[in-house]
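A, B and C are the chain letters, set down in written order, and residue numbers restart from 1 in every chain.
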Amino acid sequence: MPYARITLHKGKSESYLRALADGLFQAMHESFETPATDRFQVIHQVEPGELIYDRDYLGGPRSQDFVHIAITVGRPRDAQTKQRFYQHAVTLLAQNTGIDPEDVMIVVHTTASEDWSFGGGRQGITAAQVLS
Amino acid sequence: MPYARITLHKGKSESYLRALADGLFQAMHESFETPATDRFQVIHQVEPGELIYDRDYLGGPRSQDFVHIAITVGRPRDAQTKQRFYQHAVTLLAQNTGIDPEDVMIVVHTTASEDWSFGGGRQGITAAQVLS
Amino acid sequence: MPYARITLHKGKSESYLRALADGLFQAMHESFETPATDRFQVIHQVEPGELIYDRDYLGGPRSQDFVHIAITVGRPRDAQTKQRFYQHAVTLLAQNTGIDPEDVMIVVHTTASEDWSFGGGRQGITAAQVLS
């Protein structure tokens, strides 16, 4: 039950954006225990001057291709799972779009199942839904 | 002390957007213990391709009208309060705008009072403010 | 390891936006224990009607210059540190841009170090990175 907010500079093609979003989702499904159709992503394309980032802090050098990914999840994952996910995500994003792994920043926010309503005003995931 | 970030596709009228924001706030006030003037909302209208979502995961079918609502609150609410709020929100949104409840997704983020400064660099809610 | 999302109405100059972002970062570095080059900021400029806020709730009166700042940090700070940061931030923002402190709202979200990958798929801050 995650959603992701992906922020990057305007100027990329539709197919690049889609490949980026696809790669991120594939990594979440394969390495972050995200169900195969649990996909909610927002792409926020910004103008020059609207995305400010240090070129070298704890990574880099970062380029104009820098992508900031904020993910909100519905239950905790352990540190090892997160580490595997980060590695898998940058690998898939590089394969899909050619982006340099140093240009990919990921931050995870954690909430609880009861904090989510996917639709219809229903709360979280019911047992029936998990079983179905 | 919540704020909400409402994300949907571009193309809706100003009155639709306002009715959406009004309905959400009314539900927060009536079912989520939000004070009558504690209102802070951002509407993020996106282009086709910038909002990616599964049509059927734990709800749906979702349409082009899909709205993603992320709410950040300043203290915890219990699961029952959240459940009532989700139900009330989709009911009011449907009344106000005609949106299908299956097109409304809500996620709640929780912080503490000390994490907020509403203005002037003052922290949280002081006792004087609550009493006044 | 914070990132900030700064939301305000369109219409400000590039130099105003930069002075706003600079003032916020300076306050974070000087009063919020943020390293000197740990800077990641997104500016979200919105159209009229996309930013809805009460003019007087726990502050104000708020004007069209209202700025909403959401900060995500990688470890907790105590309440006093937050209070000092809020005060320092509105002071620097007023100096840099002339903005009324009552027009500045700040909300802090807290995560853990393991929730961050700054680049290359590496997790958090390693001991080597802190020492280097």
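Everything below uses one rule, namely that a contact is a pair of C-beta atoms (placed from the backbone, for glycine too) under 8 Å apart; a residue touches a chain by one contact, two chains touch by 3 or more.
All figures in this text were calculated on a predicted structure; none of them were measured in a lab.
Shown here, the protein chains touch in all possible pairs.
One copy, subunit A, sits rotated relative to the other, subunit B; on C-alpha atoms the angle is 120 degrees to the nearest 5. At the interface between subunit B and subunit C, under half of the residue numbers involved are used by both copies, so each side presents largely different positions.
Averaged Cα coordinates give subunit B a centre that lies 22 Å from the centre of subunit C. Looking at subunit C, residues 44, 109 sit in touch with two or more other chains. For subunit A in complex with subunit B, the touching residues are 1, 3, 14, 17-18, 21, 35, 37-45, 72, 109, 111, 114-123, 125, 129. Of all residues in subunit C, only 7, 44, 46, 49-54, 56-60, 62, 68, 70, 79, 82-83, 86-91, 101-110 touch subunit B in the complex they form.
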